[in-house]
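Two complexes, one shared chain (subunit A), two partners (subunit B, subunit C).
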Partner chain A sequence: MPFAELINLIPYLLPTTGGLVILMLGIWPKRVSIRLLSSATLVFLLLGAAATLLWQVPGAVGSMLVIDDLSRVFTLFFMLGAAAIVMLSFGHVPIRNELQEEYLSLILFATLGMALLVSSNNLISAFLGLEILAVTLYALIAWQPTRYGAIEGGIKYAVLAGFATAFFLYGVALVYASSGTLDLTELNTVASDESLLPVAITLILVGIGFKVALVPFHMWAPDIYQAAPSPITALFASFSKAATIVFLIRLLCLQLPSLWEALLPLLWGLALISMIVGNLLALNQQNLKRLLAYSSIAHLGYILVALAAGTAQGRDAAIYYAVTLAIMNLGAFAVIVALTRREQDRENLADYRGLGRRYPMLGLAMGIYLLALAGLPPTAGFMAKLLAFGAAVEAGNMMLAIAAVLNTALAFFYYLRVMMEFYSEQETSLNTMPPTQGTLIVIIISIALVIGLGIFPQWLLGSLQLP
Partner chain B sequence: MIPLSHSLAIAALLFVLGLAVVLLRRELLFILIGLEVMLNGVALTAIAAGQYWGNADGQVLVIMLMTVTAAEVVVALILVWLAYDHYKAVRVETLTHLKDETERSSS
Partner chain C sequence: MDWLSVLIFLPVLGGLWIGVIGRNKTAFARWAALAITSTELLIALGLWWNAIPNEQGYFYIVRAPWVPAMGIQFLLGMDGISLLLVLLTALLGPVVVLVSWNAIQRNWPAFAALLLATQAGIMGVFLALDLVLFYVFWELMLVPMYFLVGVWGHERRLYAAYKFFLFTVTGSLLMLIAILGLYFTHGEQTGIYTFDYFELLQVNLPDNSEMWLMLGFFVAFAVKIPLFPIHSWLPDAHTEAPTAGSIFLAGLLLKTGAYGLLRFCLPLFPEASTDFAPIGMTLGVIGILYGALLALVQEDMKRLIAYSSISHLGFVVFGIYAWNQEGLNGAVILMLAHGVSTGAMFAMVGMLEERCGTRLLAQLGGLLSPIPRLASLLLLFTLSAMGMPGLANFIGEFLVLAGVFQVSAGLAVAGALGIIAGVVYLLWMYQRAVLGEITIKRAWTDLNRREAVPLGLLALVVLWLGLYPAPFLDSLQIPVTAIIESKSSAPTGSIDALR
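Now for the complex of A and B:
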């Protein structure tokens, strides 16, 4: 293996060795404090993030992984995101005392899975990345099994993710049966004259639809959002979904443009029902985490609106939207972590009543995230919607763009309902724990990114030089 | 030599059979068995296609598939065992604590 390829592998080797080292430290004869273990995890993640800067773009590792601007930006993003999740977990009182070396190493392995997924150029490595991510997530969702709903959530996710994997793999096997290759670059050359291939890609799309919770494959999402500890919810609501979407974009838009054209009507339909069903189910939701789950379903619908445009503009809008959605969700869940009670997270909206007045900083932060999710300028949420719907209009998808704008208006209702509870005159009697510094840092950096990316979208779009 | 379409048809049948088990059975262990049957359908497809195209990618895919799904089932089985241990649950109907709340509560 040439030296350059070894350098390209460093960002994948660091989380792997990091995960193993953390596990080893757990069986060290002397007890290692959890603070030290968390710091070690953070060091591995930050080193991994720094190592992506060493990449010579464009490059490759064999024919399995491709190193380009897209994989660099997202690998960097996931490493920093996982560092944020570690900081949130450390500040989350209900799981803080149960934070162990396994938890931290699982987060490192999940990061590895996401990094593999976004840079895979072969369906086998994509499958590996997807599974490393999914299996670590089952375990993390059921962390602290005695917690209310933890086991139930873990089982539901395990069964549904297994189901999704089966569909994804059947698609992969059929791609192989119809074309004789699993390499995405080679697949592109045979893509035009195969009739089985669109069916196979549709099956892969079903598998991905389950993973990112598109309607009609969304039934698991709210249950898992509610069941998982908030930092883990943030992990899979933001980063794992972004990774899966980026893989979808690489598969359809960059490697198989002819199939992308063929599947546009399917994307169109999925976008429409995801938006409408997600928003309608969110309207009357009383549980904040479930409400955010339904709102994520609707946001995934908006991403598909951009992808259904079938143009380079739509693809860029979808990438921008995926990053933005991840940051907004991370921020919202960071506020939930900051306001947690001693034993468990707050569940109902009523438990948050008046907290915006009691903690002005956190209230302001939640306000910014909710307005960004609703799509108000000058936040990144507005810019993402503008780019996505603009791409749909340019491509002539007038109907879809109008439906998306109407849905955005509908979504305002439930985001404002959360705001009303936060700034209500009455106050909940439930006490809160003071948030830790790590949580506050995550909240502040996400606010800076939400507003910064909203005003200067070229920060992200300029660093992606896609064909 | 068996033509590719025959093996693909058998594999598709296996996949659909597993799908039916997952959708119809209510016991957690049977659902996991159904998932395995679906994945075996996938493995058969990959092997048959590998033989048809005469390259090793199909076998590589199957070996990866067996390893990874074994890991997946191990974690899923631990969760099923935990469910039995804590709730005495072997059927999915007993796992319905998480559901939508649309009534306003006043705590």
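Now for the complex of A and C:
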């Protein structure tokens, strides 16, 4: 194996060895403090992030992984994101007391899964990434098994992710049957008039639809969002969804543009129902985490609005949207983590009543995230919508763009409702633990990114040199 | 120095400063807000003093790249129309601060920060000439306004704030789609993808899409103005808002809609707007009569003035779609006059409410003898609002009717009926509130100096506009001519349909 490929592999090796090292430290005869373990995890993640900067793009690792700008930006993003999750977990009182080496190593493995997924150039390595991610997530969702709903959530996710995997694998099998290869680059050169290939890709799309909770495969999302501890919800609401979407973009837009065009009507329909159903279900939702679950479904719809344009602008808009959605969701969940109670997260909106007045900075942060999710300028949420709807308008999808815009207006209703609860004059009597520094750092950095990327979108768009 | 950006960023940064530093320091927040808004006014007056138009009529232009990849710029420009509206915005700033001095009891620093943010957003709307930048400010002014209504408002404030926000946001999102449509059409034609207003003026739109894009813009502006079928947010928002919120809503936010028609709808889509003009004028006249009729039966003074705003803004739309020298001049002057006189009336209703604890006409009465100064100033502004010659609104309404008469005599007569109805409801309001037997027994205090200064300022402007409007009309000369030229470059069409 040439030396360059070894360098390219470092970002994948670091979380792997990191996860194993952390596990080993757990069976060390002397007790290792959890603070040390968390710091070690952070060091591995930050080293992994730094190692992506050593990459010579474009490059490859065998024919399995492709090293390009897209995988570099997102691997970096996931490493830093996982670091944020570790910091949030450390600041989340219900989790902190049960934070163990397994938890941290699971987060490292999940990062590995996401990194593999975004850079895979072969359906098998994509499947590996997807499964590494899914299996770690079952375990993480069911963390603290005595908690109400933990086991239920873990099993629900396992069963439904199993379904998704079955669809995905069946799609992979059909791809192999139709073309005789699983390599994405080769797949494009094999006869594209094969009628089996669109069916196979549609099945893969269904599998991905389950993973990112598109309507009509969205049933699990609200339950799991509610059941998982908030830092873990942040992990799969933000980063694992972004990873899956980026894989979809790589598969459809970069490697199989002819199939992308064939599937546009399907994307069109999925976009429309995801937006409408997600927003309608969120309208009257009283539980903040469930509300964010439904709102994420709607946001995935907006991403598909961009992809349904079938143009390079649409693809870039979707990538930008995936990143900003991840940051906004991370921020919103970070505020939930900061406001957690000693035993468990706050559930209902009523539990957040008046907290924006009691903690002005956290209230302001939540306000910024909610308005960004709603798509108000000058946040990144606005720029993402501008790009996405712009792509739709340019492609002539006027009806879809108008539907998306009306949905955006509808979504303002529930985001404002949350904000009004935060600034309500009555105050909830439930007390809050003081947030830790780590949580505050995550909140501040994500605010800076939400506003910075909104004012200077070229920071992100300029670093992606896609064909 | 780049004063246009200062006009926008001074209140933003000042608001942040007050919000961060001034926790629980009420007196500091008041004086700082007053200082910042007064500085704004001085800057705006200075800009007026030094205004020298270029050949397109723009006094000042600021241009800086923002997102070059998409052709978004930080492009501000001030011509005669924006100058007058910026002056109005700057004038109402200190007025609002002084009026809220004691009326706002809770959390003054946050209130001041939101007030300044709203002012900054409105300034931005009047100055932005890049369509994305315009949209950014257009949305940006909503959020602080929403909080002003939703936090410091009266009993049904949450309902009103929601309704206000959802109506306006739906409209403006449709405008966003129209902006994008315009952007891509222009880009495909010329190969230059830009949101620059001056570039987009050159675009040649196919007939069908021009009408749709125009409607996208029109809906956003019509919600703000508000025009007849989509006006229902206004009475609620105005009534439930705190006095300061009502003044900003009526005085400035409604003007942003009319300004949008003048700046974007007519020049960007001349042919579609020409076709649409009869409908626009009809909507205007419906607004005039409908607002007046509803104002006749209101018991709540704030609600009455809110409906009278619908009626007055109907006149503005009327004048805009008449699309000639008199109509456009009248529309802009009426915007200023309405901003000043209605703003003053909302302020005085707020003062009355502080004194009597009610705004209901049935419970008021006989206030002339206990508080003569307040009552006589209220008379001045009421007379101005009903179009008394020599006062501000008269000039605007007269010019609008003169303009409309050239297009359609029938519509002008209908509009004039609206003025008569205005006389009826306003005089009746004044009679029931101020004249007659005194109904409330308590120790009365007349206007103090803090209240008298802003009202006196507004009264001076009302007299100035009414007696010597020439300086204002002068600065409108070039931009209004440009708007009229944009029409004559289009083939004249069905404007005669209603003649």
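Please note the rule applied: the second predicted complex is superposed on the first by the 466 of 467 C-alpha atoms of A that agree within 3 Å, B and C clash if a C-alpha of one lies under 4 Å from a C-alpha of the other, contacts with A are read in each partner's own complex, and residues count from 1 in each chain.
By definition in this document, a residue touches a chain if its C-beta (ideal position, glycine included) is under 8 Å from a C-beta of that chain, and two chains touch if they have at least 3 such contacts.
Since we're looking at a predicted model, the values are computed, not measured.
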item	value
Partner chain(s) touched by A:G390 [first = subunit B, second = subunit C, both, neither]	second
Which of subunit B and subunit C A:F456 touches, first, second, both or neither	second
Which of subunit B and subunit C A:L376 touches, first, second, both or neither	second
First (subunit B), second (subunit C), both or neither touched by A:Y423	second
Most subunit A residues touched (candidates subunit B, subunit C)	B
Partner chain(s) touched by A:P2 [first = subunit B, second = subunit C, both, neither]	neither
Which of subunit B and subunit C A:G149 touches, first, second, both or neither	first
Partner chain(s) touched by A:P265 [first = subunit B, second = subunit C, both, neither]	neither
Contacts of A:V405 with subunit B and subunit C, given as first, second, both or neither	second
Overlap of subunit C and subunit B interfaces on subunit A (superposed complexes)	none
Subunit B-facing residues of subunit A, complex	124, 127-128, 131, 134-135, 138-139, 142, 145-146, 148-149, 151-156, 158-159, 162-163, 165-166, 169-170, 172-174, 176-177, 180-182, 222-223, 226-227, 281, 284-287, 290, 348, 350-351, 428, 430
Contact footprint of subunit A on subunit C as seen in their complex	23, 66-70, 132, 135-136, 139-140, 143, 146-147, 150-151, 158, 162, 165-166, 169-170, 173-174, 176-177, 180-181, 183-184
Parts of subunit A lying in touch with subunit C, wherever the complex brings them together	360, 371, 376-378, 382, 386, 389-390, 393-394, 398, 401-402, 405-406, 408-409, 412-413, 416, 420, 423, 455-458, 461-462
Complex interface listing, subunit B residues touching subunit A	4, 8, 11, 15, 18-19, 22, 28, 31-32, 35, 38-39, 41-43, 45-46, 48-50, 52-53, 55, 57-58, 60-61, 64-65, 68-69, 71-73, 75-76, 79-80, 82-83, 86-87, 95-107
